[in-house]
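Read through the structures below before going on.
The same chain A turns up in both complexes below, where it pairs with chain B and then with chain C.
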Partner chain A sequence: MVESKNGNGRKRVDENRRTTIKILALAAMLSAVDVTVMDRDVFKSMLKKVGLNDILGEESKFSHPEYGTSLEARARRKEEELKRLCMDAAEIICEDKGEGSTECSLAREKCSKIHVKATPPQKGKKYAMALDVDKCIGCRRCEYACVMENNTPWNMGMDWITVLEVSREGVAELQDAKKDYISAPKPGKVYVPVACQHCEDPPCVHVCPVVATWKDEDGIVLIDYDRCIGCKYCVVACPYGARRFNLVKPKLEPVKLNPNMHIHGNIIRPVHVVEKCTWCVQRTRDGGVPACVEACPVGARVFGDLNDPESPIRQVIDEYGVFVLKPETGTKPKFFYFFGGAQTPRRGEEGGE
Partner chain B sequence: MASKDGVRGAIDTLVYIFREGLGGPRSYKMLLAGLTIMAIYGIYLWVFVQHAPVFLGSDNGGLIMTGVNENVPWGLYISFFTFWVGIAASAVIFSFAAYVFGDKGFKRIVAFAEAQAVAALIITVWGIVANLGHPERALLLMPLLPNKRSMLDWDFIVIFTYMILNAIAFVYTIHVYRKQRKLPYKFIVVYMIISTPFAIGIHTVTAWIFHALTARPALNTALLAPRFIATAFASGPALILLILYILEWSTGWFRVDLAVYKKTLNVIIIALTTGLFFTLAEVHEAFWYTTEPLKKQQLIETFLGGHYPLLTTLTWLWIAFGVAAVLLGILPPMRNSKSSIALISLLTVIGVVAEKTLATILPGFIINPLGLPSDYTITPMEIFVGVGIHATVFLLLVILIRAYLVTVKRLGVDVF
Partner chain C sequence: MKELLMLTLAVLLLIASTASLHIQASSNDNGVPVSNYVNVYPCKTCHANFQPSATTNVSVYHGINLTVGPHRGLQCINCHNPESGMMKLQNGVEIAFYGLHNNSMVMKINSLCGSCHEKEYESYLKGAHGNETFTCAGGMVEEVIGYNGVTYYQHYCPEDHGYTPEPAKPCIACHNPHNPTMYPPTTLPPPSERPPPPNEDYILIGGVSVLTAGFALIAGAAILNKRGR
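Let's look at the complex of A and B:
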């Protein structure tokens, strides 16, 4: 605005000033447009207060993909492809160990049994899981069962469950937890297994740029492995560190394979996609319980339908009251922790470590 | 805009840019050849080694070859992304000075800022793509913007729009100057009105990608976007000044007024001071009383050190170089020569590179959401792919700058 050395300087200054004002006005208008482009309902829901009674969840407000003939057809295609790949791998094993060996016959049997399901969520169900921190002995058998059930990539050493060892004394902060403890259970410690919390308001679902992950009607947060672009934004957004990324191509091992697969669950994942706990969707949607619940030697895990007053999860909530991890994040997890009272004896108490 | 000359005129100008940009003395051709070799090697590594399982279906390779892991999902590539977005955003300072305030000196150099913005945005997009697991799916899905709540979708809109706007502005500038004409007033008004919100927008949206995540308390601060913009407005002009300084030295005939340097230096100093003040505010918030334990732990790791010394080093490098640049910049003798201003610019660029790259994103990752320390080792693969990306884009930048310089040299009349 100081350019007034030349003859018509006055006029130029005016022009510039007018332009500036015009620009600022239009910039303001454009930024207003940016906000209104967003769906009004979506905007309102962003400002919604967190209700106290959110344990009995609301209707899912996220769009979820179609379960139907197209997904079924995709599952069939995947099944064919996996069977072929599995048989190829099985042939190698058979050549290696001999035609009559147990590995060979086991591999072939598992390959022929591969079945990829595309089961839709059951109407009216709302799953939740609870874990008795008093009972848990930190044995990590749930982790092992999870890996076996879900065909988790062996060549990456990946696991969906992280078991934390937290001190019983003082204020228990997650920051003081230990992940790589060697012996358990120890006196004065509690063990907190953490996996996907299947939140009511999952940040991972909010941030996914291509809607490759969503919360289903039965409360399970799932991932479409054929849609994931591998941007890892959901890994960044998850407050529980529950999501994992396939940094290498998962190796198919016929002997260790679990042939009972779900297309959004434990199917063999492609390279460079995100995966996480699915509450064993291949089991629970057929009326079963997740593998970790079944494998827990002390019965610390409880799984059930929140809408069913008779379900074990409702009894736990009524009887003990439950708490969630990191409530300050506002994600409203559907994975609860509770103190059942009856402590499993620690190693030290039974006569030394 | 190019309606008078039509599409043919635009194509003519593009051909002209690359013809002029590719020709030149022997040393210039050597520079181009060197950049090309680095670019080809980097792209080769990315396509045939790092992303081989995706592009070629092979069993080996994958993002495991980078330092990215389950706790540090974003590494060096996303660091480039945050830094270069800032450089791109700062082009608006020059176009404001040139077109809105009508400063003649700035009108001569505004095209450099536009070219730099285009180049910077190509690096940012490429940085994201190199970090993507499945770029081929992203190309299909992202333009459809399936999830408007995801900040990545918004980033996609603003980055591409701003890139195209700057590319149009640069090509059109050359197109007009080639014909020995002035830039039409109408074009300037329309361009400024559309591009200004996007310049601020690209950097705001980039900061918003990180800042609304409760999972990463160190990044979960509303100060992130202002801090990004402050440091962007320091580093972008500083980089332009360095480019100008090098051009003046290497061409021998190209001269820029000292006034331009001085005015730009003022912007740098103000922006740097603001950026440093924001850093101070964050330190105060975290350390004065109490705060969320995870946030405190992450910021202790950032400022006081812990298991990952690189992060602390970078953070203090930023503070030290930032303060040094501000102090030198307010000393009168330092403000009166181009070389000392270039020195201050260099300090600024180094300081902001330290802050904007790893020291911005790693505080959120180096302690994972469950409070467990995690590590991030930069691998040679990441460095070479990164160098390749930068070389490709610098190649383009060098070509654009040369085309502009040749055009300006040929100007018979004063068009500024």
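Let's look at the complex of A and C:
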């Protein structure tokens, strides 16, 4: 205390502080360099193609027990509520267009057809999807089919699939990808539709504080819309930007409604919950294929059961080898991309050769 | 001259009306109504006594030119059977047109394509090439006009259980057999009614102006501070 009044003493203290700060700053810089610089060989080993044995060996740690009578009862309650809401909307249409109009009868018919399922996962199935980047032309028909199948509102950009335009040459950086292209396919570009990757080790499931999202036995990552509190942790955690948040109350349009619904899938979502691609759980759990697979005009998408040796997905993995997006995150996605070889001719190019 | 024209028109109209009587309305497997148009279309009047030369490379018939495209170099009889007057294919199936005939009839042609394109045919049967869909007992497919007027085919199943997947479209639905390259269809805009994202130039200008204003504020504060002392 005495020294602090002295001029020399204050200077010494300042110097000490300064050197401490300098050392700390140097240490911080060194540690930052240490984190950002990665061994190139390690990085390359991460980017290798995924083989069939790697995929089949992956096991998920997550499961969700709630299927059965309680969920079935919840689905029945939801069905009644939706039918009532739908009928209200249909009455408005009937008042507008007249009692005898086709819209009126169509809306009433659709409302009566609403069926909310609570199908549990089939034992021994493990779904996966693959997409041929050579065939994809970026026409966005899968997005439109997805919107129609899953009763997605159009007003807030809630479409679950995003098609990215990436340069074919060099390193494909997702940051440089273009989302709002107008004309496609262009020469020298590839089109990469990105939706939920249904990871084996999903970060979104790790961060959910209320266990509202989980990975099911058949490999589909689902959300319980009644449990979700809308904290958006999972939206931030997802490395692929696949999750969407319902900011406004979705519109119920009886004429365009898809009445085949699953309680964890394409049921009309309440406001302020998170939603994402479910691989059309209302179709696939009953043996069908997702809507995007059916709508693709060039047949770029392949969907199947990984455990079935005769399934198309196994054939694709065997024949071409597949890669995944952002392998360095360690999420082990079940959405694969591959280069099939036969290219759809780009617009403006001479085709047929 | 005018009278002759009118007469021809009348005759044509008469033929058309009688022909339409013979068209039996039926529906193909997708529930889309089609007519058995080929029964009244006079293919067989010419093809009954049709004797093409087996070495004809450039075919002038029906505007088909086999010197261009991926199938260039093929002869007509590589796929068509000359003994049937070209009305049958080499796998014994009668010619059928996609959209005019029942889907099951057109599907029979697929094995002819598969005789050369074995790998693609195998993939197709497994559902890894081209579209795959599913059917269900008592189900149907309905066309819905969706966002931006884009049609969507919704499946209706009475039970919503037990779907069976199957290849949806025959080969010739997408690939013209005489020039099989598939050209890309139109590109649709993103399915969202959101306002477009702001112009990148504006973002740059805004950022620069905010930075300038910030620096001006700092400089002003420093000067004022000095003056205040």
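One rule holds for everything that comes next: the second predicted complex is superposed on the first by the 287 of 353 C-alpha atoms of A that agree within 3 Å, B and C clash if a C-alpha of one lies under 4 Å from a C-alpha of the other, contacts with A are read in each partner's own complex, and residues count from 1 in each chain.
As a working rule, a contact is a pair of C-beta atoms (placed from the backbone, for glycine too) under 8 Å apart; a residue touches a chain by one contact, two chains touch by 3 or more.
Quantities reported herein were computed from a predicted structural model and do not represent experimental measurements.
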Discussion item. Taking the superposition on A as described, I'd like to know which of chain B and chain C A:Tyr240 touches: first, second, both or neither.
Written reply: first
Worksheet item: In the superposed arrangement, which partner chain does A:Asn260 touch: chain B (first), chain C (second), both, or neither?
Response: second
Item to complete: Could you tell me if A:Ile182 is touching chain B, chain C, both of them or neither one (first, second, both, neither)?
Response: second
Worksheet item: Which partner does A:Val194 reach: the first (chain B), the second (chain C), both, or neither?
Response: first
Practice prompt. Answer with first, second, both or neither: which of chain B and chain C does A:Leu26 touch in the superposed model?
Written response: first
Discussion item. So in the superposed three-chain picture, is A:Val316 touching just chain B, just chain C, both, or none of them (first/second/both/neither)?
Written reply: second
Item to complete: Mind sorting out which residues of chain A both chain B and chain C touch, each in its own complex?
Response: 156, 158, 179
Response to the item:
Residue positions on chain B within touch of chain A in the complex are 53-54, 59-64, 68-71, 73-74, 99-104, 128, 131-135, 137-138, 141-142, 146-153, 156, 188-189, 192-194, 196-197, 201, 209-210, 213-216, 292-294, 297, 364-365, 367-372
Worksheet item: What part of chain A is in contact with chain B in the complex they form?
Response: 1, 3, 12, 16, 19-20, 22-23, 26-27, 30-31, 34, 37-39, 42, 156, 158, 162, 164, 173-177, 179, 194, 203, 206-211, 227-233, 235-241, 243-249, 251, 271-273, 326, 328-331
Discussion item. Under the definition above, what is the set of chain C residues touching chain A in their complex?
Written reply: 68-70, 123, 126-134, 144-148, 150, 152-157, 160-165, 168, 174, 179, 181-194, 196-197
Worksheet item: Which residues of chain A touch chain C in the complex?
Response: 113, 115, 117, 119, 137-141, 143-145, 147-149, 154-159, 179-185, 256, 258-260, 282-283, 286-289, 293-299, 302-304, 310-313, 315-316, 344-347, 351-353
